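Reading through the structure tokens given below for one structure.
Should a chain be cited, it is by its letter among A, B, C and D, assigned in written order, with residues numbered from 1 in that chain.
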Amino acid sequence: MIVVMKSGAARKEREAVTKRIRELGYTPHIIHGTTRDVIGAVGDERAKSVLQTLESMPGVESVVPILQPYKLASKEVKKESSVVPVSDTVAIGGKEIVVMAGPCSVENEAQIIESALAVKAAGAQMLRGGAFKPRTSPYSFQGLEEEGLKLLAKARDLTGLPFVTEVIDPESVDLVASYADMLQIGARNSQNFALLRKVGQIKKPILLKRGMSMTIQEFLMSAEYIMSEGNQSVILCERGIRTFETATRNTLDLAAVPVLKAKTHLPVVIDPSHATGNYHYIAPMSYAAVAAGADGLIIEVHPDPEHASSDGPQSLKPKKFAALMEKLRLFAEAADRTL
Amino acid sequence: MIVVMKSGAARKEREAVTKRIRELGYTPHIIHGTTRDVIGAVGDERAKSVLQTLESMPGVESVVPILQPYKLASKEVKKESSVVPVSDTVAIGGKEIVVMAGPCSVENEAQIIESALAVKAAGAQMLRGGAFKPRTSPYSFQGLEEEGLKLLAKARDLTGLPFVTEVIDPESVDLVASYADMLQIGARNSQNFALLRKVGQIKKPILLKRGMSMTIQEFLMSAEYIMSEGNQSVILCERGIRTFETATRNTLDLAAVPVLKAKTHLPVVIDPSHATGNYHYIAPMSYAAVAAGADGLIIEVHPDPEHASSDGPQSLKPKKFAALMEKLRLFAEAADRTL
Amino acid sequence: MIVVMKSGAARKEREAVTKRIRELGYTPHIIHGTTRDVIGAVGDERAKSVLQTLESMPGVESVVPILQPYKLASKEVKKESSVVPVSDTVAIGGKEIVVMAGPCSVENEAQIIESALAVKAAGAQMLRGGAFKPRTSPYSFQGLEEEGLKLLAKARDLTGLPFVTEVIDPESVDLVASYADMLQIGARNSQNFALLRKVGQIKKPILLKRGMSMTIQEFLMSAEYIMSEGNQSVILCERGIRTFETATRNTLDLAAVPVLKAKTHLPVVIDPSHATGNYHYIAPMSYAAVAAGADGLIIEVHPDPEHASSDGPQSLKPKKFAALMEKLRLFAEAADRTL
Amino acid sequence: MIVVMKSGAARKEREAVTKRIRELGYTPHIIHGTTRDVIGAVGDERAKSVLQTLESMPGVESVVPILQPYKLASKEVKKESSVVPVSDTVAIGGKEIVVMAGPCSVENEAQIIESALAVKAAGAQMLRGGAFKPRTSPYSFQGLEEEGLKLLAKARDLTGLPFVTEVIDPESVDLVASYADMLQIGARNSQNFALLRKVGQIKKPILLKRGMSMTIQEFLMSAEYIMSEGNQSVILCERGIRTFETATRNTLDLAAVPVLKAKTHLPVVIDPSHATGNYHYIAPMSYAAVAAGADGLIIEVHPDPEHASSDGPQSLKPKKFAALMEKLRLFAEAADRTL
């Protein structure tokens, strides 16, 4: 950590800072600059928030952290990429691109079975579908809850596709984990630390979505929450961030793929459906995701988007999804990946 | 709701849209434009997400909602401003500006008692302090939990100041409510719908913070979640939104005060501490908040910020807080409010 | 255009609005809703700003434009994609992906010649290089100006590569146009309307960069400025937008490619260098750009980035650029494009 | 400047960095940390962009600048606040709050005279009005140009109010300066460096608006451009930044007032009209601006907003403006200012 002193800070102020740095267990190291002094605090600065309090000392202009605050998620700790197994047949983070597809919400048996058969036929390796829905409005459809989980399990039995589904509160984690192959933490719960801790205590892989205004560093800190409880099977999912642009529902931050690959060993998947909010843009952004180095995709597919209970405008019909998968193979090959 | 057809959409496509509008229980109304048609769907469009699915129909360019999706929080439903009682002596939303002050975290008995006495002496009407802390890092101080609640209650007994404290998961709502006079939902949980529902079922007032990338409309929808469960005592708190600017920790969206006052009857308070993240800027933004029409302030005050467990750089020392309160009275008077 | 009246607006207010709509040359068309009325104004609403003034009339809640305000740039006016010729050998917007590469600034003859030879050897079809530099600081290197243009022309003569270079004020447009094959309007000048008008009056193709906080619609309006003066040879360049994320210099909005392709006939190229600001991320984002459907790339390449006068950290060395081009061919092929 | 080396960087890499630091004229100073080394470069780092190139050296993780890149605008160079004289009677930055008011565009003689008389009667000290208009659409009203300047001068002669008006390209700076008392650089030209240089060479005060996505630091760098050419009479104007929120036209960053006051000696004024885009919100944000410490306001007032050529929805009628001024006096007094 680096403490930047104000230009003209008194010697007494500087000494108080070095004293406090020592109290906190670090070794101070002063650089006398031409207009101001800078003090390095040598030591493990993971407990960053405490060092940050130096900013309130007289004569201090700013405190600049040097180390990343995450550890288990860091590539410095584990250099080789993690491959997270989901079922006997599916693992995320290896050479194979994994595509999870299905409807936003499970609506009824016919709908989820039809969806599962269609995405399997097109080549998807996993099924997605929401049973517990975090909806912005209390008056919107909130999901079939456990009944939805049972229907997802039925679709899995029929097709062999493992499924991922969202969990929205700590209390229902065990219930969801008893059915699902992978649990999703949604964007709105990406800093729901009670929920992160709870899914850190189970033995199922976790698909962690990036929050709408979450920095890459905060994203990795949320992964760290899960990992620090013992569950190392975390898959990161970029799904668009919130910006001023309204032509798409969110702004897909695709550069997050190489950035995350440089900082963490965890797999990275892309959700082009929520990122764009418009089915027209899903295919090109899926191709781009694979070209950028993503390990997988999660895509909304619905047999009848016009009558969907949620997210109709961003859902692909099975036929369009099949065409997407066909072309995606070409990009996977160009990226030296399989699909 | 307005459905904008594509320029050159076929008559058959338009007819399919009007048919679907009727199926959904609305009355279609066509306007033939010079380059394209526009179809109004007359009816109560609160169940917006379903209408939005029309966007996936052939020939449709976009769907533009007209009504606000919130109802109980809306000024159209209740024209007069709500005054939310917190205790026998304190109510928020009336003529009196209410100031809640205290440390970010409760650290120990001496610290919270000293803080409570100091903020009371300066004129604050409520005490604030965190017992359950939602920290970005799993390695940071997480709060004293129930022990912290007990210390807050002790400080209240001694000073007569009612207190507000944060609750971070549904399971601990009843526990926190058994001690606190008002419960806070933090920015990171502002769309934790399971938690919103739960605090909607208790009888204590709720201080709802705006999420970091939450629109005004989503903010009011989160209030609606609480209110739709039966708890009408919601106070809205703007605490800065996330933007590209890094000179302050967040960007205080002070125009949210008049905007909210135009749309809702609920009281609005400002948190200048989290908004700016820097104690130098708290006083001017407090004055500005009152001038803009806010009903209250929540301010971090710590007897020894340099040794605080969290949020030191944005905490005021008691002496500076007292000076702020002194000057704030002048602005309250200019705004025809009391303090 | 749709005028949304307030719930409970008086009949007199509504009549004043319909009268004003008629005065402005439109035909009003009223839809009586369950809680409020909505008035459609039928007519060509390109002169949008005038209609917007209806928002200041009593009883009006909001004014919602329906038509896009651009015309010449719109796909509705010209359905087939535009192919913009740059020289006898190069055209942008056709089947061939066009790569423009070279240093941020022209520094001296050796540097620009070495760069041009290197990028040509790797397969780039155009040279880029700055002679007039818009620098954030008045104390930074401002470019070699006309001397730089002469060196670029020399490099073109030697390699046969046409070049693109930036123009930063109306006065020097003719000078730059007398040397360059294509003129670039930088992000900071993307709404410098005097400059846009001026380059609309010349006969050279214009590479128009998107502003840092420019919406897609504003981007197309800036293209419209150029086109409305007579110059239809506009190429749009997405180069990253400004968001809260600091892990990259800007946030590359790659979904802008399919969005623009849906709205305009103009070619779209991507600048991964300015978008990411970090040479590590340029290759993956170049592949992603081609996969997303971009027509070209503009990439910073410098023979000695550590000694560059500007933008060193985001410049590729010739060897890395050659490797990028090699792999890019595979993605171009997957996208059914040539390179 | 601080160079952060990668964890595990080789000794050779570190030595290359210290060598390069010396070449650039700085003195390197190494701090050996527990997991990585940090190298301070001691010297005047205003030529920041060159030092930034160290980021492309092997073994370097990041380069952290310590000094602010502006100098003339900095409070470190000139501690006392600047008071910028505009005319014999008006100066900005002193104890008196200066209010500039008038229409967005000058439309005709009657309109500007009526506006000038009205704002003078209400207590404004300066007139504002646009003659050269930077409009997003080439099809919108572009201003009366020199005719508009003449009408503004006529209004000044009649009322004694000095006026501020926008200049949009270097060529017309001398023309505008020959009429106006103060020249405005608009948000879209805030990094039009050719224009900034040109207004730096005249002897009239400059009202510099913050760009829509400009950081505080870039804002001060644009002021530095003007000042480095010799013109020290710069007034900074915050007018809202672009964020995800659409309830207001822009997001007024009012905390920019105390932040700027901490960093620069230049006066700061607020434009609540463009910031909010809605006349309902102008009064509360004007009061808040004065409470936050602003030195002045620039407000759009139009005698007939419904028929305005531009910006109708955000223009106040004279009567409402007079009421605003009345109440503003109370807030000015609370802030220990005059009006």
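As a convention for this text, contacts are C-beta pairs under 8 Å (C-beta built on N, C-alpha and C of every residue); 3 or more make two chains touch, one makes a residue touch a chain.
Predicted, not measured: the structure shown is a model, and the values here were computed from it.
Using the mean of the Cα atoms as each chain's centre, the chain most removed from chain A is D. Between the Cα centres of chain A and chain B there is a gap of 26 Å.
Computed from the mean C-alpha positions, the centre of chain A lies at a distance of 31 Å from the centre of chain C. With centres defined as mean CA coordinates, chain C is found 38 Å away from chain B.
For chain B, residues that reach two or more other chains under the stated contact definition are 213, 242-244, 246.
A complete topology is adopted by the chain contact network, contact being made between every pair of chains. Here chain B touches chain A in the complex through residues 20, 46-50, 52-57, 63, 69-70, 134-141, 168-171, 188-189, 191-195, 197, 211-213, 218, 221, 224-225, 228-229, 242, 278-279, 305-310, 312-313, 315, going by the rule given at the top.
Interface residues of chain C facing chain A in the complex, by the touch rule stated above, are 213, 215-217, 241, 243-248, 251-259, 262, 275-276, 280-281, 284-285, 287-293, 327, 330-331, 333-335.
Contact residues on chain B toward chain C in their complex (touch as defined above): 2, 4, 7, 29, 31-36, 38, 40, 42-44, 64, 66-67, 76, 213, 242-244, 246.
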